[in-house]
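Look at the two complexes coming up: subunit A is in both, with subunit B in one and subunit C in the other.
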Partner chain A sequence: MNWDMNWRAAPRNVFLATALSATALSSLPAQAQDDEPREMLNASYDIARELFAAVNPKFIAWWEAEHDETVAVNQSHGGSSTQARSIMQGLRADVVTFNQVTDVNVLADAGLVAEDWQDQYPNNASPYYSTTAFLVRKGNPQNIESWDDLTRDDVSLIFPNPKTSGNGRYTYLAAWAYADQAFDGDEEQIESYMKQFLGNVEVFDTGGRGATTTFVERDIGDVLITFESEVNNIRQEYGEEDYEVVVPPVSILAEFPVAVVDEYAERNGNDDLAHGYLDYLYTPEAQRLLADFNYRVNDEEVAADNSDRFPETELLRVEDVFGGWPEAMETHFASGGELDQLQRR
Partner chain B sequence: MVRIGDAPGVRRTLIGIALALTALFLLLPLVAIFAQALASGLDVYWQNLSDDYTLAAIGLTLLVTLLTVPVNLVFGVFLAWLVTRFSFPGRRLLQTLIDIPFAVSPVVAGLVYLLLYGRNGWLGGWLDAYDIQIMFAWPGIVLATIFVTCPFVARELIPLMQSQGAREEEAAVTLGASGWTIFRRVTLPKIRHALLYGVILTNARAVGEFGAVSVVAGAIRGQTNTLPLQVEQLYQDYNTVGAFTSASLLAMLALLTLAAKAVLEWRAARREIAT
Partner chain C sequence: MIANPLTRGRERRVLPGFGLSLGVSLTFVSLILLLPLTSLVGQLSTLSLSQYWFLITDPRVVASYGVTLLAAAVAALFNAAFGLLMAWVLVRYEFPGKRLVDALMDLPFALPTAVAGVTLATLYSSSGWMGQLLAPLGIDVAYTWVGIALAMAFTSIPFVVRTVQPVLEDLPAEVDEAAMTLGATDGHAFRKVLLPYLWPALVTGTGLAFVRSLGEFGAVIFIAGGKPYETEITSLMIFVKLQEYDYAGAAAVASIVLATSLALLLVINLWQGRFIKRLHGGRP
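Up next, the complex of A and B:
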């Protein structure tokens, strides 16, 4: 039984009944539609709301032009681990657009997503990518250029807790990958760098948005470390003059994996629509839009047009430095892992 | 006889403290909500209010409340009647069980529902086989809200009905009245006020419930977002004005509820004087 139809009409009718009785509200647009369009659900990560609010209307127009069918795309946003869990418990998303490879793997392990999902779409099924960058205060008073500046005694850092936030995990891994390269794999030096790095953290927020609030609104810390895309959004939101973006010469590649949730897409009769949605993300039109939201894209023409906004930097892959996400999670973030030990010592 | 607090100085200080605290903790936040919501002017406020997603959130919140309140009204009266008018083994236990939703954190309540009705849950597998979706759709939200708000009516009624005793009902029985007549003509008039208060509390909580609902809703914009969830999402989107616009709706609903309660109480008091 699909409640969608029932409820779509029900609360709206309830609402209209109430609204119409109140003269103040009676001018609101009534959206009675006789034939509901086919609907699909995209379950996504927290900070992608604005992005997909912009992508979806364009996708709908694209789909209509290609298939002569009007569709509707619904969005669900939350921490991507929470989303994966909800989908396993029955949130019937047709596609996932996450910011954590591990969270799609969880769905693959549960049999909801194909085992070979990373091979089904180009670039490891990541239509766009980003990296970890720094946001510093006006004029970059401490002259922060790269990762080695972040361990100085006079610098205090803000980034979300790697234990609870994928964003924070990228920051941690990026710092480690830098140190690994800088000290040529010398474990003692890497660990001493990481200890100083973690010791300079002023506040560990649970998520990316919380860290932003701490840095911008509470005015704590000298450097906010988060996704390059987010760093640019913050600058646009809170004032281009008050903050500066620093992209370090070496950082980590942050992939934004997408996959069709086969189990639900088939059941919802949305198999074609779900695949079409992911295909669309790779079209030049969508890639251009993604670049507007400060994500790096692989489309060569779009990338070339935006090259001034995305400074060239060496991006290390988690697979190459840490042997893949499962290994990185196990070694670094598991209970009693490297992160716990670094913070204890 | 002079009691403590009779001295004009003491009295004035106490009243002053009470008023100041009320203003600081209750009035000021309320004013702040409306100030923030209207910070960018009435046009923006109206725009935010007529946003499709906000309208859907209002609709869903009304639906949930309209389903929850009657269910818990009937359930609460039934439970209170049972516990106070009959004696049976397990009566005490039942009285304790009523309080579970109060004792348990709403988040836990939500998780328990997931455990039961989720795809991997005890009942979930069966429901899934028949393609019935409870979680991450409005039925799940209604269930979670019913759970969280179910003690309010019973908790208001039980102490009152206990103190009133069953004597009048017993008299009615000896006069040959049927159960339904006893309830309607004898019990109901005595408990009307407490019942009303219970309904108002149930209503307020049903509209405002966040924790349990957020676990079972799945955060689908325009579909499973109730008003409180919508407030949080807008706030996380850096849309402060939008968030406070939705919050102001919740505040207005709260004020309306209180006004309705005051009017009903006032009318009841007048009727009592008249009789």
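Up next, the complex of A and C:
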């Protein structure tokens, strides 16, 4: 069965519709380009809005100091799969900053991003990383410490639907990776753990922010599972006294991959700017900013300065536990895959 | 006999130029309706029949049909009763603030559906204003199929009100008064005089509300809970498939929603044609 290849046919089918809107746009009179600053577009995931709103002004200042040119950076946010789909259908983004490796791989398969994109920047082209952590209510009444507490009958969980959210996929993979380690790879025990784990979910929202709202505003569930960065941001925003952060001793490494969309960056005449933008994310200045947003960073000095905020955790890699993202997607999340089996009644 | 608005205006044409107006109409129909439909069919053509069958009969998808149909049916029936009442009040009575209530009826169309969904989920979750009152009675609305029906009812109520209202406006109050003077009871007058006259509009409005609910996504998704086999709606299954870059799978499930909607609209149209014929004693 190779229907997963069918999306390749999509661009052709929507071609007419896109062509129509494209001609409408391109027929607009071109403005005097000389006094307008050069513009680039960063297509990013949903919850990175505030992060890049803080990064962009600093990048613009950095670029001006280095190249004596004023530029403008536009942002576009949405679920990262949705973003990847928009780019394949013609959204001319110069760079992508996603929260899922698979969504960049999709762009690479479509020929928009270089095949070897993960080798073009340090740390698998992930300027910052995070992991999956828990947010519990005041005083941690159920004494949640690790993944094995989450399958107890008296604990109800909130995390976004792994079918629709990259965030949810990380949670699923983190639980599986934990079980894999705890039960020494015993398939039957892992599956029964996962069944219990998924059964304890109270509400499946479609995205990370939706899950946050359900947990915080609607008061549903005992544990919210999401990125460590998000967990800390929520706590800072909604009240340090009302919630506690639990970072389990074992969890998954969540990479936030970046790549230049070569095809469009070249056409937009932004090749240098796009690469400069990604280079900037690795500078100490940007790394410090990223750490302020509760992301873990690789810059040693910045990491050392923030070590008290990021507890030591064993971070398992998707590549090591699942053999890589394409394999994880195929085995677990594809139609009829492991997740579908586990959720079958 | 009252002039029936449905039989008027066959001979006179206000807009001149049949060729031009038909041409423009057909162009727009092609662009706005046929082009997206063609694209959908194009997606479907990449599937073999057995793949298509496998996709649309997946147990989880089938469970979502059940949830969606049940909730949409409840929402449509609720709207039929409440919408008729609302139209009646707006047409037959004068009261302060009538204009405002009349304008409010269109709010579900004006309000972004996602906003409606978030608002309803906030109100009806067990910590919300309404949810707090209902929870002790053992009624859970948010994150159950009741919540889904509620969100559907909210987004589709204008269909019933706005289709029944003009018909009711054309029916003078003298008609039910005449029925009374001829000795009909209230119930009689309603069933034998008013309802037959309102029937086509009411059925059309209810049908439209039902069809609209089948495809509703924005409002429903925030209150649906998304539990597999329990509170997953068909639109969510389509969304899931899109997230997986499975365009053909999404198109397959969408084709079921589309076919159901089209079939229902067609049945209503045919039935209405026959009903109106009968209303005029066999004359067209």
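Definition applied: the second predicted complex is superposed on the first by the 310 of 345 C-alpha atoms of A that agree within 3 Å, B and C clash if a C-alpha of one lies under 4 Å from a C-alpha of the other, contacts with A are read in each partner's own complex, and residues count from 1 in each chain.
We adopt the following convention: a residue touches a chain if its C-beta (ideal position, glycine included) is under 8 Å from a C-beta of that chain, and two chains touch if they have at least 3 such contacts.
Model, not experiment: these values are computed from the prediction.
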Checklist entry - Which partner does A:D219 contact after superposing on A: first (subunit B), second (subunit C), both, neither? => result second
Next on the checklist: One more residue to check, A:H77. First (subunit B), second (subunit C), both or neither?
Outcome noted: first
Next on the checklist: According to the stated criteria, A:F204 is in contact with first (subunit B), second (subunit C), both, or neither; which is it?
Outcome noted: second
Checklist entry - Is A:K163 contacted by the first partner subunit B, the second partner subunit C, both or neither? => result second
Checklist entry - So, A:Q89: does it touch subunit B (first), subunit C (second), both, or neither? => result first
Next on the checklist: A:E230 in the overlay: touching subunit B, subunit C, both, or neither? Say first, second, both or neither.
Outcome noted: neither
Checklist entry - Taking the two structures together, which residues of subunit A meet both subunit B and subunit C? => result 1, 3-4, 7, 10, 14
Item to check | Residue numbers on subunit A that touch subunit B, as the complex places them | outcome: 1-4, 7-8, 10-12, 14-15, 18, 28-29, 31, 41, 46, 49-50, 74-78, 86, 88-92, 209, 237, 267
Next on the checklist: Looking at the complex, which residues from subunit A come into contact with subunit C?
Outcome noted: 1, 3-4, 6-7, 9-10, 13-14, 16-17, 79, 81-82, 85, 106, 161, 163-164, 201-206, 210, 213, 217-220, 333-335, 340, 343-345
Checklist entry - Which bits of subunit C are touching subunit A when the two form their complex? => result 35-36, 39, 42-43, 46-47, 51, 58-60, 118, 121-122, 125-128, 142-143, 221-222, 225-229, 236, 239-249
Item to check | Touching residues (chain side subunit B, partner subunit A) in the complex | outcome: 50, 52, 55-56, 58-60, 62-63, 66, 114, 117-121, 124, 128, 130-133, 135-139, 218-224, 233, 236-238
